[in-house]
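Got some structures for you, see below.
Below are two complexes that have subunit A in common, paired first with subunit B and then with subunit C.
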Partner chain A sequence: MTEKQGISLGEAQGGPWNRIRRTLARRTEGRALALLIIVVIVTAIMEPIAFTAYEVTLGSIALIGLVALGLTAVILMGELDLAVASTLALAGVVMASIDDLALGIVTALVVGLLIGVVNAFFVVVVGINSFIATLGMLFFLRGAAFVLSGEEPVRLSDIDAGIAFGKPLIGGLTPRMLLFILAFLALQVFVTRVRAGREFYAVGGNRQAAYDAGIPVRRRIFTGFMISGFVAALAGIINTLERTAADPTAGSTVLLASFAAAIIGGVLLTGGRGSVFGTLLGAASLGILQVALTLSGVQVDVQNIVIGSVLFIAVITDPNSLRSVLGSARSFFRGRSRASPT
Partner chain B sequence: MSKRFLRLASLLAVSMLILAACGDGDSSDTTTGGDAEPAATAAPSDGGETFEIFALLPQGNDQPYGTTYLPPFEAKAAELGLNVTITNSQYDADKQASECEVAVAANPDLIILWPAVGDTVRPCLEAANAAGIPVTVTNSDLNPEDQELSAAYSGPDTYGQGVASAEIFCELAGGEDVGIIMVNGLTGNSTAIDREAGFEDTVNEQCPNVTILARQPGNWNKDESQIAASEMITAVGAENIGGAYAADDTMVAGVIDAFKAQGIDPADLIITSIGNTFLGNPLVVSGELDGTVFQSSSWDGENAAVVAHQVLSESPSERIVLFMPSVPVTADNADDPSVAPEW
Partner chain C sequence: MTQEKPTAVAPNQPDHDLSAAGAAGEKDATSRNVRVLDWLSQRGIFVFTILLIVFAAIFINGFASLLNITDVFNRAAPIGIVAVGMTFVVITGNYLDLSVVAQVATAAVVLIAVSNESTIPAAMGLALLIAVVYGFVNGVAVGVFKANAVIVTLSTTFIGLGLLRWFTGGSIYFGPQDGVIRSFGLAKLGPFPLAMLVLIVVTLILSWVLNQTNFGFLVKSYGSNREATRLAGVNTAWVVIGAFGLSALGAMIGGFVLGAFSNTAVSAMSTGFDFRALAAIIVGGTSVFGGRGSVLRTLLGVVFVSVLTNIMVLSGLTFGVQQMVIGALIVAAVSVDALARKAATS
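And then the complex of A and B:
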């Protein structure tokens, strides 16, 4: 409704330039897109192999992006899920511990959903802040993964099936990439076309208003955490299949990379703004960057500096942050000019 | 607007599929090596052939061992004409798998692999083999069933190190009944598993009078080890403990501090570990640590390059295995220059 009003107002007021400007201001993916273009150009010049070996780059994007997609559903509602990496590890261990591969996959996915339900229960019913609730789950699930695995990696009963899973299925696309694309399309459709998904924005934007408007806020939060848990479990299953073993220590770099992808993609941590498409762009920037830096032989410390800088740029170029920085700078200089003896 | 973005997203997905279909597999043709800029460019000192290699390591300058492993590795690689691109997965198996995919795509002459998690590297080895890229292993060997996919291993005999540490322990224990606590390395790490098995098997075999009362991981970290040791001392009772084993010197320093914090003199106990590091060697000299096993990071790094070069230049039909000597270090030889700590 708000969107339609904005468009009609814009069309009445100005030409195409104003329309573009207003669209860019309204969309949150602009910075992510600009960043992706820069990353693509620089990589194409410095490390073109990252594109000729596109399947490797797509694999890297999918590795970072899948968990980030699920996480986006939670962040859009202004909540956090710090347990995604532990969910990934536990789901992998659960799957590998069951000899029947199909049964293992189904069980692991159910475990992911249940973890989402428990997270949401603590947040919605008990009323614990999602940061604290999922931080507790992070430790609990990691411990559970260690206990269940006997503190050792669990090898798949059918290693050949795992190796086959890692092979390209269509062209150079492996099942991981195809599942990533499917997950992206499903979530994109859900948050843009399905009423329940669209209500995520309302829940994150103004929770009281969402309650007042009759939106079932609690149910939406349950749905968001279940999506996050399910997608993290899916990522754990994919990782376990591709590596032919479940590692209880898995996912150590997943949590921060997923948050980084969502933030770079313009998803607001306080909720209400952002998109699944933005997260895809953020994951693409990080994935390409990671492949290019690895090919360049750049030390991991320097890689962290580069990725940290990208994240920092993404945050400070947020229009709200820029406005706040400009406001602070203005008051600082105003204060100095008043204090000056001249 | 959402409809427009949905269309754009679908277009992106479809274009990815089309791009993939056009590429149709054979990446080796399009991804010839040489595009990757090596971390260290080299010309062999004897004017011989140069090779492009990737070294997939789980640590680098972020860990004491890696810090002293890398310079001799890079120096020897440069001397032998190996242009090395080095990665550091920080013990994340998924990250190392992704780095392996990048390495295979760059089509180097050889890949040196230090497995982050031994059980998860088979797909990487198979991909390298399928691309005709030989793989040599450094520091932590592969599982027996995966070893046929690699051309060589150089590094410590991690099981043998556990054995050597246990042998020191058994000798000091004599025939007395001794209850001990055990602090192991990072859970799931192959070095941690091998050392634990080597120590336990040897104790069971050579001195069954030594009983492991409790065990916990210390994650190669002094603080975590100290906490783990404190918990175990409280749980089993200080009066029942006659000794301790830690899988490396960093962790044994934490164990010793835990004993001191509870008013127990570590010199009264039998304590052994592995490493002979800058942290462990002085503890041996002071008598707080009864024995450790020398692990030379410079030997490890240097021989990773030597063995890689040997595989490239000789193409041996049999798998090369080059074990680092497991030299026991006790108060008798701790000052000997031949076992001077390196890390």
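And then the complex of A and C:
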């Protein structure tokens, strides 16, 4: 990415075309936008109800998007938090097993933050790759959610609060959507306007350079994992409130969809590039897709196939991947044409 | 430009490194630490396995019975075959192959369901075809597209399980009571089930592949330094595809053994194979950082994890607790490996 920017800066200067191309090259939301357009067009033709029943669609977008937002913070730094699904489930179970609603919510959020701290501890202090560390945590926390709940859904004691939570608050927007919008704005401001957030990009782009520039890399990684743990716990709380019960197996399709949303939104898995807005686009397309699939009476299995395929395509059409494929194809053909040297 | 970047905090940062402070004055202590940690991550498994078995034999009621030990072997065999195959993926530095869950269930269902309708060779042929597709898709995505293995195999797991459930409708398939599959599943050599023999044969073959063949050498070399291996003129894409292919073959044979043992097959039967196999590999001392590992020690890891699971089952602990313990085991074993590396480089 750096060499590309260098080249375009060098040859730039003239022409509006070049300026547009430069701006486009810096944006990372292209794939998410393409997916969104395709999904919107296909849905509009096949299942237009998905747009008339926009409350359902927005709710689905908010659920996927919330988890994806937390992931974005971590992926920007080139790490990954696979534990979000279990965090979501565990936070829900913790909240539901505490009788007092307010106390339950606070405890669940604290649990989310703590999980983030533990994840970051293994990544930063012990030095384990975040893919493996959070995978171990995924199994551990899933087990913990099972143990705490006795392997069956936990009913929320304060059901009225749950029902009230599902009602529109301001002009058709349920609290879930408002919270999602709030989280989106907060994260967007954080990574674009706040110094600590902007440093996420530096940490993800070149960690060594970030050190040398005096950025507290360790603290930033801790912040990132805490954001993702907190947001996942928030998603778990919202889920539990809306269903008035906490399911220890909650959110496997949501997990898949939120990974797909963050990755197709242009957040590079190696870190340093991506935008919160791209994640929003990704979440929007996957949310609409999921609602459209549900409306057309497709089973969960087929939904998993479709969303799994989107994730697969998202991860192999990553700009780095495409460049390496192009590179190997080029060297393959060059190797063929340049027959036997010397 | 290298594909990898320092994932953890760079070890050559004196002001950020924990072990550096101690390393300055006490060189002996550090090198002792290195040796202890290295021993723990590489050879510790021998001692731990023996200790665990001795512990279980003394304190756990019903562990040291012939019936129970046969049961441990029966359950260890499919997971073990999956784990020794997946070891290759871990050695290439691609973390793991999550999609074995889908692959094992698919192979078992295909074996039972297709052999009911047609012949056993036809069922095995179809399963082999599916395994080749899995290995190729995962391998190309990771090796050619340089995509992240965890995400790729996460998506292929969901696609694969979704397809399997879609085709089967979630139904359970039963093999005939007097069929060849059933008799294979029940066959024994003394106290050892035939499945155990399959595990040992597969392990020996794969150990030979890793240690004696050109391909095995390339897998290790790719795992320790991708860029250097590529610059040496190796077609690295085929190394990765081969590793995922071996993992898929292992998962297929594991699925056959699992299906034959239970003589039934359902899409949910392989739950937990991913983390049990990963735990076995990592406890066996194969490094998730790539380049270092052994198929034979994965076998020991399988024994360790199976005995541990058996102890937990005998003690009446739920699946949730088992997941917690094995998740913690994975994190702990990787931590030891990571700390050993850190201590060695400081």
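Annotations
Following the convention adopted for this analysis, the second predicted complex is superposed on the first by the 285 of 342 C-alpha atoms of A that agree within 3 Å, B and C clash if a C-alpha of one lies under 4 Å from a C-alpha of the other, contacts with A are read in each partner's own complex, and residues count from 1 in each chain.
Simple rule for what comes next: a contact is a pair of C-beta atoms (placed from the backbone, for glycine too) under 8 Å apart; a residue touches a chain by one contact, two chains touch by 3 or more.
If you're wondering where the values come from, they're calculated on a predicted model, not measured in any experiment.
Of the two partner chains placed around the shared chain by superposition, subunit C is the only one that A:130 touches, whereas subunit B remains out of contact.
Of the two partner chains placed by the overlay, only subunit B lies in contact with A:54; subunit C stays clear of it. When both complexes are overlaid on chain A, the residue A:151 reaches subunit B and subunit C alike. Legend: residue contacts after superposition of the two complexes on their common chain; A:138 is shown touching subunit C, with no touch to subunit B. In the superposition on chain A, A:218 makes contact with subunit C only, while subunit B stays out of contact range.
With both structures placed on the common chain, the touch criterion links A:263 to subunit C but leaves subunit B unconnected.
In the superposed model, A:207 makes contact with subunit C only, not with subunit B.
Of the two partner chains placed by superposition, subunit B and subunit C are both touched by A:301.
Counting contacts as defined above, subunit A residues 146, 151, 248, 299, 301 meet subunit B in one complex and subunit C in the other. Those residues of subunit B lying in contact with subunit A across their complex are 1-3, 5-6, 8-10, 12-13, 16-17, 19-25, 27, 30-31, 35-39, 60-62, 84-88, 90-95, 97-99, 101-102, 104-106, 117-123, 126, 186-188, 193, 217. Residue ranges of subunit A in contact with subunit C, taken from their complex: 78-80, 82, 122-133, 135-147, 151, 206-208, 211, 217-218, 248, 256, 259-260, 263, 269-271, 299, 301-305, 307-309, 311-312, 315-316, 318, 320-322, 324-325, 328. Listing the residues of subunit A that touch subunit B in their complex gives 3, 7, 23, 27, 47-49, 52-56, 58-60, 63, 146, 149, 151-153, 155, 159, 162-163, 166, 168, 170-173, 177, 181, 184-185, 188-189, 192-193, 239, 242-245, 247-254, 275, 277, 280, 290-291, 294-297, 299-301. Within the complex formed with subunit A, the subunit C residues making contact are 3, 5-11, 13, 16, 18, 95-96, 141, 144-148, 150-152, 154-159, 161-163, 165-166, 237, 275, 278, 288-289, 318-328, 330-331, 334-335, 338-339, 341-342.
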